[in-house]
């Protein structure tokens, strides 16, 4: 199993959710984060001075899926979260070794 | 070392904390998340129409423990977070390679 | 690639950010968490009774870096987040297998 | 029948201030519920104001203040405000009507706290209209509209019986019918937004001066007395509740503001009859008594959710009796128990306990009827996701 | 020329209450924008109050209330408040000036909602000063300062035309010039802080009693009438909007409070001329009409962002016409259409539509000029990070 | 000795409005502290109100307004409100007492800002009772109760000296005794809840009309003048502070509202003596001066945490002097410096500087005594977790 962590623009959440659901991925966990990429955030001009707004609000989505679903999820997120401008976000994939359902008592180990 | 990530009902947090502490697990990090499982959230009836409330508030608990403690923690959480109804949550286990204590300068590598 | 997760005192965020930026690490994701370590939080005296405030607010910083940058980042965080008192926090390192840039479509797999 | 501009100015502003108390009740209670129900809690107060306004101008005012029928209810003389004009004695009749209207609205708003986080909106609207008509209006008539209580000489300067006993004991009855919140007693339901509660409390305290002093219906010495004892009683209640809770643990701000409200409730029936030193005693005792009642309520595992019963019900009952104890003829023309007038104390007792019985029983019956027919309560799923989303389709972005 | 203490007391307090409405507008709208713009939204209201205060005491008051020049504008007699003294007829002249001032301030504050989340602060200040001088002041003069509308006999008791049509249609013009928010219609821009909006709404409702009843400029039966119909119309509007939206889906608290505001706007020009039952109709119709307008606005994909146009513009227009329909001589001395006075209805129509045209066109021109010269709008990046950070260097810690 | 209903109505409502300012101070400051101390900050204001109420009716009123003893303090004639009745000259004596009470309460509430985020609740209560008795009451007596300053002819219309100098310089002394917040100057302590501050500021601005105009104790032309100059000065202060901070960087909403408060403080002593144009100057200068003082305070690394000293202390001092400069006989019967009356300016200077010295030194001594005995400050751990949890056992759910 893998955990796919996507950090996206808040305004793209709806699109991402919809497109994932279409592909059959409903389950997910989201929360508000702030972040900056290598660009150190957004640069506003203010009376000739640079004024960098770092730590822009983003939404982090965590989705745990089977190994062979990783590519589909990545592509779906990428397509639906993209605007082409700085700040579109990143996707990280990391290993998950055990998944337990609290109610179902289902226990998947890899 | 492993990180155990549990996504539980907010109202079960106290019970989970207490039961973990009894077993000697005090350390943890928590934060508010929202999420849905495969059921796509909760379905309310509204004038005959289905009205799905997705993204229900949950609490995520992250606990980093030694490998041989993983099972105890999973079972403790599972027992104390369970109601038997949809929305009880999930537990994920993922690898942690290094743990550093900022104050103690303790450095555990696996 | 590795994800470095640091849980630090909120009041140390500025220092950590600055020192990381100096070393060339701008990119990061942060969010508010609450947590306690093995000490079970902070103990206040109240009319002779112990009164434990657990779940102290902290900030979690996630930084994904190349393998050979891990040590520098750990040391930088450790140096800038330390006060020497209980509650300074922890750093965890975990594996990241794929990194995708949503805008750049850059795709790094390990 | 001439208007006095000063008195009219005073009552106009007082009416606006009492109106503000209704949303303030919403904020006060909204801060005490879980965040998923805060919008619902505030909205219920606004909705109380809206429906009572229409009820009052069509039927409520005349039922309360129409010519007395058998000491029990007012006749239909003023139906649809017929004959309620811009003239009046001191203040315009219309203004008197409006001043009374905002009292009726706040009573219903207080009642909503007993069913916090689980009431079905549509049922609340039906219930609210019935409750105002069948519980509030008769009580207003008895005390102020020429009913039996007034004839008997019962004193209720600003609505200890009419507003607070009715809503407090009503809330208790309602909470018993609707049942406990899911998880009550099992997991924590701590107030989640205390600053909102403190803001609501501040606006309530502010409006209460209009509630009590405005009840003099004139800008005179009696209004000033009511104003002063209101301030003192609130302060005294805040301090005793805070002090008592300090002995048990930490002095919460919620205890402090609850004590202030308890003091305000306690002085409400008395404020035109007692002096400043009595106000210290009344406020302080109300603070202690209501705090004790709250502890009792928790001990008994009653989910009268936000303590309208402990504070408004018991505080109002205490205030009605205290009026009979501390009243002094030099202020309001009537002496109380400590000045040897046992009769007044007995009258106060009869009045108050009849009000307790009537509002509890009638509210219970009304609630049962609603519950058996259209259902008072939301479904379990709706309660779980919270009324903001379930009833209003809205949520706070946190 | 003698002062009446009761009237003076009333108008003093009313002026303070109307002043409070300006920050209340900020809170009301602040709760509806995304959290990154909430400080900006509230600050714009305060800034409106500050700049209009200085404008009014220097030039605005005399343009509005100086001796009439050709029915169009006031002369410079009172420039810098020259000759505006502590005496007066019933109330001090200075107080009348201040009461009018706070009306001008709130009109500008309402207007800010049309450019929410994208206006450049410096440009807003320039625009605001021009708008108050060239749009608001003439309208105030026409209706209340001896201008053509007043001479013609147009009725506007508390500012339906002057305040609400001007700001509502002004907001529409302004929003057309500044353009839509980035992403409008593409992604969700749901209100993020509804409790703040409800708080703002509560304070608006409270202040509106002063706005309307205070416009009697005396604490008398007419003020009481204005007070009562204001309360009724608000309640009625809240219920019809809530009801209509309930048919389509869930009854949001935002719909409820918007309906109340619609009812308040609708009754504003009428409150000194119509009675309680007409108020139920006016408020109820305003609620439905403004809700319909809002749906139309959304359907047309107009980003008149927080519905000042739908509620204040269309509500004010409706109110002006309704005054001509429901006015009854027994209250304000003039009969309306349903009592056979067709003329009054026509006068109301002329007055209202001229106000609509004037405020829309003039605002549009002013906005265009500002936009072409110093630019109305922040940059795309600034809009993206939000005005709190971009314009004020501040942010909420959430 | 007859009551005037209009005046009584006015002062009744004004007293309620000034009472509301005390929780408003709590909201204003609560928004500026870190979220872990917001409840504590608001609660301190309520607690100030509660303890001062009891202090005032028992002993404070008579110390301030009892028969003069040597120009220094009032006698015990009115102890426990003995002899303070429902009659009076224009307004009831009781009402005058209550109006003065709410002034004393707000002074103590302002003072709490100097020890924000680190004061021990129990010690604050002891300190507050002593401070009101030994600092506030004498100052009130000197200025308004027949003390030396009043005899000398010092002008303080609404409490520039009594309320603002005392609390502002008191806060400075207190902050020096209690010491800096842990981490002050090392890491960011930015305001975390600016909308709460803006709400508090709105309510303060609203209440300030009652504070200043109400000090006329009658609804007359003088009250109207006080009202108007209050509004102007606030606007002017908001604009100059905002403008000055704009030159240095971005115009924060906090600067705007701080400037408004500075303008309100500056006009407080002057509002019954100066006209509208002077108000523009006084407000504008107060905005600039207080902003400069704030920058100085930060530069000096003083942790007078929320700038009560810069705004209330220095603003009050400036206002007292400005009264001596701009007073005009046509308004308040006395001319100031610019009308050739040098003497008045000197009197103002003496009065203000004695008040500065007395309140600073006395507060310092009192604070030292408390600190050495029961300790003013919470422990390091308590400060770290925040006073909400540490002192009240409560927290916001964020």
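For clarity, chains are labelled A, B, C, D, E and F in written order, and residue numbers in each chain start from 1.
Rule of thumb we're sticking to: a residue touches a chain if its C-beta (ideal position, glycine included) is under 8 Å from a C-beta of that chain, and two chains touch if they have at least 3 such contacts.
In this text the structure is predicted, and so the values were computed from the model without any measurement.
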{"item": "Intersection of contact partners for subunit A and subunit C", "value": "B"}
{"item": "Interchain contact steps from subunit C to subunit E (minimum; 1 if touching)", "value": "2"}
{"item": "Higher-contact pair (C-beta pairs counted), E-F versus B-D", "value": "E-F"}
{"item": "Rounded Å distance, subunit C centre to subunit D centre (Cα mean)", "value": "51"}
{"item": "Centroid spacing, where centroids are CA-atom means, of subunit D and subunit E in whole angstrom", "value": "33"}
{"item": "Centre-of-Cα separation between subunit F and subunit C, whole angstrom", "value": "44"}
{"item": "Between subunit B and subunit A, distance of the C-alpha-averaged centres to the nearest whole Å", "value": "19"}
{"item": "For subunit D, residues that touch 2 or more chains besides their own", "value": "4-7, 9-10, 13, 17, 199, 250, 398"}
{"item": "Interface hub residues of subunit B, defined as touching at least two other chains", "value": "31-32, 87, 94-95"}
{"item": "For the subunit E and subunit D complex, residues of the former touching the latter", "value": "4-7, 9-10, 13-14, 17, 35, 190-195, 198-199, 201-203, 205-206, 209-210, 213, 218-225, 227-228, 231-232, 234-236, 238-239, 242, 249-254, 256-257, 260, 275-277, 280, 331, 398"}
{"item": "Complex contacts: residues of subunit A adjacent to subunit B", "value": "1, 3, 17, 21, 26-31, 64, 94-103, 105"}
{"item": "Residue ranges of subunit E in contact with subunit F within the complex", "value": "3-10, 12-13, 15-17, 19-20, 23-24, 26-27, 30, 38-40, 42-43, 46-47, 49-51, 53-54, 57, 80-81, 85-88, 91-92, 94-95, 97-98, 101, 121, 196, 199, 391-398"}
{"item": "Subunit C contact footprint on subunit A (complex, rising order)", "value": "2, 6-8, 31-40, 54-55, 58, 60, 70, 74, 77-78, 81-95"}
{"item": "Subunit F-touching residues of subunit C, taken from the complex the two chains share", "value": "11-12, 14-15, 32, 42-45, 53, 56-57"}
